[in-house]
Every structure is written in C-alpha cells, then in structure tokens.
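Take this structure first; my questions come after.
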Amino acid sequence: MPPVPDRLRDAKVSRAQFFRLMGGIAVAAMAPASLAACSTRPETTGAAAGGSGATQLSFVGVADQKTPMDALVAAYKKVAPQVSIGASYAPTDQVQTSLRTQLGAGNAPDLHVVYPGNGSAMSMSQIASAGLLADLSAQAWTKTIPTGFKPAFQQDGKTYIFSAGSSVIGAIYNKKVFQEAGVEAPPTTWTEFLDVCEKIKKAGKTPIALGAQTPWVTQLITYALVPSTVYAKDPTFDDKQLAGQATFAGSGWVQAMEMYLELQKRGFFNDNPNGTTFEQQTSMVATGKAGMAIQVSAVLPDFRKAASGPDDLSMFPVPGADDAAQVWIPAGVVVGLGAGAKSKHLDQATAFIDFLGRQENINAYAKAISAIPLTQDANSTIDPAVESFLPFTKDRAVPFMDQRWPNAEVQPTHFAVVQDLLAGRTSIGDALKKMDEAYKK
Amino acid sequence: MNHLRYGRATFLLELVMIAVAVAFMFPVYALITLSLKNPAQIAEAPLSPPAPPTLDNFAKAWSSAALGPSLMNSTIITVASLVALIALGSFAAYFLARVQTRLGYGLYILFLLGIVLPFQLGTIPLYQLINNLGLIGSPAGMILFYTGVQLPFTVFLYTGFIRALPREYASAAQIDGASHLTAFTRVVFPLLRPITGTVLILNAVFIWNDFFTPLLYLGGSGFETVPVSIFAFVGQYVSDYGLVFAGLVLGALPIVVIFLVLQRYVIKGFSSGLKG
Amino acid sequence: MSVTSRSGSPPTTGTPAGTPAAPAPRRRRAGGRFGAALSPPWLFAAPALLVYALVVLYPSIAGVVYAFTDWSGIGGDMSFVGLANFRTMLGDDQALGSIGNTVLLTIAIVVVQNGVGLLLALGAHARIKSRTVLRVVFFAPVVVSPVMIAFLWKYIYNPDPHAGLNGLLGFFGLPGHDWLGDPSLALWSIAGMVVWQNAGYSMVIFLAGLEGVPVELHEAAMIDGAGTVQRFRFVTWPLLAPALTINLMLSTIGGLKLFDQVFAATNGGPGYATETLSTVLYKQAFVYGKFGYSTAVALVLALFVAAVSFVQIYYLRSREVAQ
C-alpha cells in the first residue's frame, strides 16, 4: 500500500491538537456529570498503578470464550493478585464491530479476541499486519507450537496469538438414532455415508440437521469435504491458489459442492435449511429428531447441554472420498487472544498470556471447549467424542480453509453462495466464480 | 366509529379490537412460554403452556448476566443523559423557536441534519475524541455521547412545541421586568411539561436499549449496562431458547415495567404533546 | 446488537398538531407583539450547539474524509484515492442490489405500518371499553430494544410446522412458510417484524391527531346525512394531515436507515436477499475491512435519506397548506 501522504500526517497532528482543545472545553462543560461519575468509578489507569501497584487489564472476547476465560482469570488472580482482569463478552458480530472501532481509533483493550491465521477482519494476519498485536515470540510456549499450526499463530516468523489448541469438523451424531436405524458403526467412505443417511431416512428421521440460516453454519459441510476432494490430492493447493495458479471453480471445490447438493437432493437435510438456525439444528440432533449435524467439535458442549444425557452424542470424521485412505479432515486452531501492541500495560498483558501458555492452563482451556490441546502432557485430556479424529491429525488434516484466505471477503461470500445454492438460486459454477472474484479482491 | 353511544356496532368493534390485540400478543406469549420451559419441553411442544413451568432459566440468566450492577449503571447513565438532554434541548429550542433571523433558522436545520446522518459516519473519530477526553470506560463518556446524539431529535420536538405556544406568556413576564432566564424557567418551561414527557420516554427507551455504544465504550470496564450484560451470554453457541428468552425477558422487564406504571403519562404525553 | 443504529429506536415526534416542523421563520412573525426585541439570547443555544458539534458534527465531518481513502479501518496505511470508492460502487452488485432492497423494504414498512397504525388508532379512538388497555398493548413493543424483538421474531419465523407462527397458522389449518429462509419472502418478513414493533407508535401519533378533531364537526356531518365512510373521508382524514406527515417522515427515515432488525434476523441473507444499504456499509467496514469504501456508501445513504426527507416534507407540507 502506498505510504501515507505527508499532508495527511500533518492533518493528524493538528487534529490531535483540536481534540485537546475541544477536550478541555467539553470537560469543563461536562464537569458536574464527570465528577458524579468519578466518585463511583474504580481507578483503572496509571494513577492507580503508581499508588498501590494494582493494575486493571481489560479483555474483550467472544461469548464462546467466556467459560474457559472466566476460570483462568480467576486462577490468575491467585498467581498475580495485584493484577485484575475486567473481561466482557458479546456475540461475535458485536465484538468484531467494537474491536475494529477501537483498533481503528488506536485504543484497543489490553487483551482481546483474535482469530487464527488470515481470512477475517479480526484474524491474526490482518491485525498483526497493521502493527496492532504484541509479539509473543519470547514466551516459552511458542517454541512448542506444532509445525503444521504455525501459519495460524505466526506472521513472518513471529507469534501474535495464543490459542489453546484445535478443533475438528465432523459429524456430531445421536447414538440412539443410529442404533434404531440399524447403523452399526460410523461410515468410513462416502458411499457408506450416503447409506447411513438412507437408513436414517427410512427410519423416519432427518439424517442431517442443517441450520443454514446461521451464516457460519453454511460453510461446515464444504469444509468437511474439501480436505478429501482438494487437499488429499494436492496438499499445496493453498500455496498455488495464493500464487494465482489454482481457483475454486477449477478444483475439487466443484466436487465438494456437488456432494453438498447431493445430500440436499436426496432429502437428507431437514426441510427449509435456510430458515433453520444453529439453535434448532442443535436441538434436532440432541433430542433425536435428526441423526447428525456436521459441526465443529467446539460446539459439543452445547449439543450435550441440549441432550438428555451427555453420552447420547459422539462424533465421527465425515468421509469425503470412497477410498478410506484418501479421507482427510479439517482441523483448525480455535479462536484465541492476543495483546494490544499499544497497551499501556503491555508487560502485564503479555504476562497473562504467558500464564495461559503453561501446560496445565492449556489443558484446562482446551477441556472447557472440547478442543485437542495445543501441546500435551500426562494430564491432558481429550474429549472421547473426538478420539476418532486423532489418527488423522498427524498427516491427513488441513486447517480450516479460511485461515489461509488472503482477505476477509471470501468467507462471507461462501456463506451467501451456499444459501443461494440451497435455495436453488444459483449454480455451482457461478457460486465458485463469485468466490474466486472475492478471493482476488 | 360511533362517537356518541355504545351500540351494537361499537360492541362488534370492541370484539374485533380485542381479537386483534390477542393475535398481536402472540409473540409475547411465545416468549414467556418458552422462557419457562426446559429444552426437552421446548422440543416436545413449543407452544403449549409450560407444564410444569420452571424458573431455572431465569436463575441462570440472572447469575450469568450479573444484572444487579448493570441495572445500577444503566439507571445512572439513562437518568443523567435525560437531565442533560432536557436542560440543553429545551433552552436551545426556546432560542430556535423564537429567533427571527435567517441564521437562527439555519441553525435549526443544522440540528435537524443530525437526524438523517447514519451513525457509522462518525464512529471512529468520535471514539478517538472520547478517548482523548479520557472518558473511555466511564459513564461520563456515555452521558456525553447520548446527550449529543439525541439532541437533534430533542431539539426538533421542543422547537415544534414551543412554536405553537402563544408568546404572550413570556412577553408578559418580561414586561414585569423578568430576565429571559427567569421568564423561561418560571413561565415557559412549566408549559412544556407534555412535550417533556414525550422527550423523556423516547430518549429513555433509546438510551436504555442501546447495545452497541456501551459495548464499544464500556466493554471490560465494570460499568456494563443491562443490554451488554444480557448479550454477553447470548453467544454464537447458545442453543437453549429457554435460557435466551429468559435473558430477553429480564433485559426488557425494567423498561416495560416503567412503561406500564407510567403508561397513562406516556401515552398522554404523546397526545397532549401533539395537540399543543 | 444494537449493533448499532439510532434508527433502531423508533423515531417519533410530538410536534403540536398543525405546526410545521420547519416553517420559514417569517410565517409566525406576527405572533409576538414584541417581535425580535424579545428573542432570547444566543447563549441559550450555545451549550446544546457545543455538545452537538462535538459529538455529532465534528466526528461526521472528520469521518467523511475516509470516503476518499482506501483505509482498511485499522493501522496507519492509508492513501487518498479521490472518487475511486464512488466509482467502485457503480460496479458493485452487492451495493446496487441493496439499494433496491432498501427502497422496497422502506415502502413496505411505510405503507403497512401507517395503514395498520391508522386502523388501530380509529379502533382505539372509538367509545369502546377496552381502549386504554388496547393502547397499552399496541404501544408496548415500542419500548423494547429492536435487537431483542429481532431475536424473538427469529424464533416466531422459524420453519418448524409446530413452533412459532407456523404453529399458530397450523392450529387454524393454514399452511406454514419458511419466513426468513425463503429468499422471496425474507424481506417482507422483516418488514412484518418492524411493523409489529412500530405500528403502536404510528397509532399513538394518529390518536393524538384524532383527538384534535372536534366532535361538533362529526355531529354536523351526521346531521347532513354523511355516513361513516364519508365522515372519515371529508372530516377526519383532512384533519389528520399533520399526524400523517409526521408518521410518513419518521417511518421513511427509520426504514431507510433500518439496520438492527435486518442484521439480527438474517444478516442480509439468505444469499443477498435482504441486504440493505445499512448492512452493506456495515459489512464493508467491519467484516471486509474496507473502511474507506464503507464510508463512501454511508455518505450516499446520508444524502439519499436527506433528499427523500426533504422532498417528502416539501410535498406533504404543501398538501397540508392546500387543504
């Protein structure tokens, strides 16, 4: 990108002066209100740090992070009693909006949610490229990040995000429904998978619950299939696509979309997937109205909460090929957090991340979200439901596709074209062409 | 439409209106029914009355949202903003309604411009401004924000109302030697009571319900407002309608209760505000 | 999520009936015997002007600058690109398509909300015993956050034949629909949700207008042998003109700027079926990381809203005067 013209820099200086001037006036005008507010306001800034040595760090995260973070923030209080962390959580869209604003205005929270890799406006690459994430490379845990995961954590060899591990995409299924339909074991090839669906359909249940009204759910079936239809044949597809030598429309993506639509054509989805939400999808599988849902393992706790017993549900890899050896799976680093490069309490903020990087805390964080811990020791636990994925994670797993996409427009385009395909409003060729156009922007 | 007596036609109209109201309430019925059910009950018969009803969802929503302190924060921010809006808005409107110059009229149009501007335009510069004032994470920043953002509409309401008031009241007071200030506070402002009611309720509804701004300015500060606390647990992965709906009921309850208690004044405030 | 908008709060007004919201100053000059000499000092408007300039005017003007840059929204990289963002818009199917959706959605909301609001007002104005309760019931959704309403309606609109609206329709033997999932229906479903929340608001404004209609006029018309319809057409309707002006103006601005409800209910989908100018400019800024382009879209939206409001006020006011 071209450098900022000098005139604009000058404009910024004078704007800062203007701010100060206006600030003085406004403070005077608002004095009564400010005073009233201050009297009830806990000290949060530098003044307090100088006095008692206490520091208040702010953390803004997405709602999915609340369970693990609440526990670890409480644990940190025992390790570092002088630091308190004020955390707030909100749905992803809202967090993205408020964080982008804060980052844009140059006043990010000390710690905040970061998505691994690239491909979204809150992803590590996009924020680190803007110079707004603190470099964590000096911390011990960063030395043990498995090689395959490095692109998710690192930009130009420096680590900018902490994440507790990875989750997989596969079929979350209801064991009872499978049993009643006479399914003995989870399928290992695409043909077997279709047979299983057929059996469940004959048993009078919906084989696959699909909540495509919730945008992020639309992508999961493609993501489950593309590792087998694209990456099993060409593990370097991402690099070729980045170099402009490969496209969605001219690759195994076509086949994956055809398989996606075949499931719909054969009546394996619930009616009206575009009007069905993630919540309804969850409930259909958990209560046995549907056999399975193709989902990310991080939502297992939610499915279990909705089920009568947590053991009703398990998970298996979706076999995207007829040769079982050619079945690959998607395994992506879960949403994590980073420290704002311009934080006034940078040392304390990165110290907290270092604390999260201790093995016992990686274990605790991963357990709370059913993730596979980033690094493992004797105390690491792995959710029994995802055990069937472990044989794949070594050399037949690829990160979630968007983590290598060059901009934040491809993923929302994918959401929209899948909805259009399900509604019969576009063709696979046009849909993938649209994704290719977004990719080139 | 017979204004004169309660005849058969009126009775029929009454029945029709009640039927419409019952149908109108259907979403509210669904909301409350679902909030009183556990997931299994919801899956089985979503719309039947809860049997037996459970308050678990409410207990869970209350504790995860930490609503006690949020209610306090929301109240402080809403009340202080309203006081500032009524004070600044009514004074400005008195000037704008009475001034005779083109410049004064231009100023009025300038205020109205604020009603059509999309908020997104100024989001980032405004955030920088509040930050430079040192008001991020403080209720004072929110009060400043709401006062500024809601002023155009407040000024619009007050100006329209004052224009329709006879000038003689204030003039008479001034002949008696009162200053503009005294004439306004003693004579004019009390006459503005109906429109002040309208200003109060409409701004209160907006400020109390606003979610994005407090998330942006107060997130992580310990001063979260009610909607911010409620939506903290209505996350991407929350699949439990009963719990979400209990949260929505809790979040909406304070403002609905205030409306029900004051409904006579609220609706009258509209009517008399409009009649002048 | 009030992700945001002020438009989320139902717009309103309480302008005294018959008083133009923005009359030329001379119209009322004759009103005061003491004229301009008694006009209050500028100081009265100064504090409000200061806060307004600080919080609204200055940031908006400072924000407009971004419309001529390629800023991503974060970081220091930024260069001026002149009118390139506006040229991009001309070839942007998503933005262009959203203009059509915005207009359709606004027309649907304006027509239905005011039609329903007027009927409710006529009903609740009659001598029926339940009128106080009815007014409270119909107005109540106005005070609830639009985001919460959207969450609720997402459930009401779910395609399950046993739940929500379909469950209710099924109870009466009517077929259900995929309200938000069917691309040809979704936009109208959103309009329905907005009308449900704001019809009571239009009703209250019409009610205030109706209360200003003197009973004597109706009595005189009855004596002249006018029926209910004729009395509405020739007595009530002309006198409702100011209330109608306010209602039309506010629902139009609200419709054009509508964001929260669309965003929470469909996020612009399925596909791009409910994408409006507001959701497009939101996505460009916060999802795609194209802040400069987003600001250009916002600017177009602001000009559009201002132009429509101006034409509307001008036309409706002249109609009022004519009557």
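Of note:
Order as written gives the chain letters A, B and C; numbering starts at 1 within each chain.
Criterion: a contact is a pair of C-beta atoms (placed from the backbone, for glycine too) under 8 Å apart; a residue touches a chain by one contact, two chains touch by 3 or more.
On a predicted model such as this, the values are computed, not experimentally measured, just so you know.
For the pairs B-C and A-B, the larger set of C-beta contacts lies at B-C. Distance from the centre of chain B peaks at A, each centre being the average of the chain's Cα atoms.
Our note on geometry: chain A versus chain B, Cα centroid distance of 36 Å, whole angstroms. With centres set at the average Cα position, the gap from chain B to chain C is 16 Å.
For chain C, residues that reach two or more other chains under the stated contact definition are 1, 3-4, 47, 51, 54, 58, 62, 73, 160, 282, 285, 291. The multi-chain contact residues of chain B, meaning those touching 2 or more other chains, are 84, 123-125, 129, 144, 211-212, 231, 234, 241, 244. Multi-chain contact residues of chain A, defined as those touching 2 or more other chains: 22, 26, 91, 94, 97, 101, 104. Listing the residues of chain A that touch chain B in their complex gives 16, 19-20, 22-23, 26-27, 30, 33-34, 36-38, 40-42, 44, 58-60, 62-64, 66, 86-92, 94-95, 97-98, 101-102, 104-107, 109, 216, 278-279, 282-283, 286-287, 289, 298-299, 301-303, 305-306, 308.
Those residues of chain C lying in contact with chain B across their complex are 1-6, 8-19, 21-26, 28-29, 31-36, 38-42, 44-45, 47-49, 51-52, 54-60, 62-64, 66, 73, 120, 122-130, 133-140, 142-148, 151-153, 155-156, 160, 162-165, 167-168, 196, 204-205, 207-209, 211-212, 215, 218-219, 228, 231-232, 243, 253, 257, 278, 281-282, 285, 291, 294-295, 298-299, 301-302, 305-306, 309. Within the complex formed with chain A, the residues of chain C that make contact are 1, 3-4, 47, 50-51, 54, 58, 62, 70, 72-80, 154, 157-160, 178-183, 263, 266-272, 282-283, 285-289, 291.
The touching residues of chain B, when paired with chain A in their complex, are 39-40, 42-43, 76, 80, 84, 123-125, 127-129, 131-140, 143-144, 211-212, 215-216, 219-224, 228, 231-241, 244.
Against chain C, the residues of chain B that register as touching in their complex are 1-6, 10, 13-14, 16-18, 20-21, 24-27, 30-31, 34, 45-47, 84, 88-89, 91-92, 94-96, 98-102, 104-105, 107-126, 129, 144-145, 147-149, 151-153, 155-157, 160-161, 163-164, 166-168, 170-171, 174, 180, 184, 194-195, 198-199, 201-202, 205-206, 209-213, 227, 231, 234, 241, 244-245, 248, 251-252, 255-256, 259-260, 263, 266-267, 269-276.
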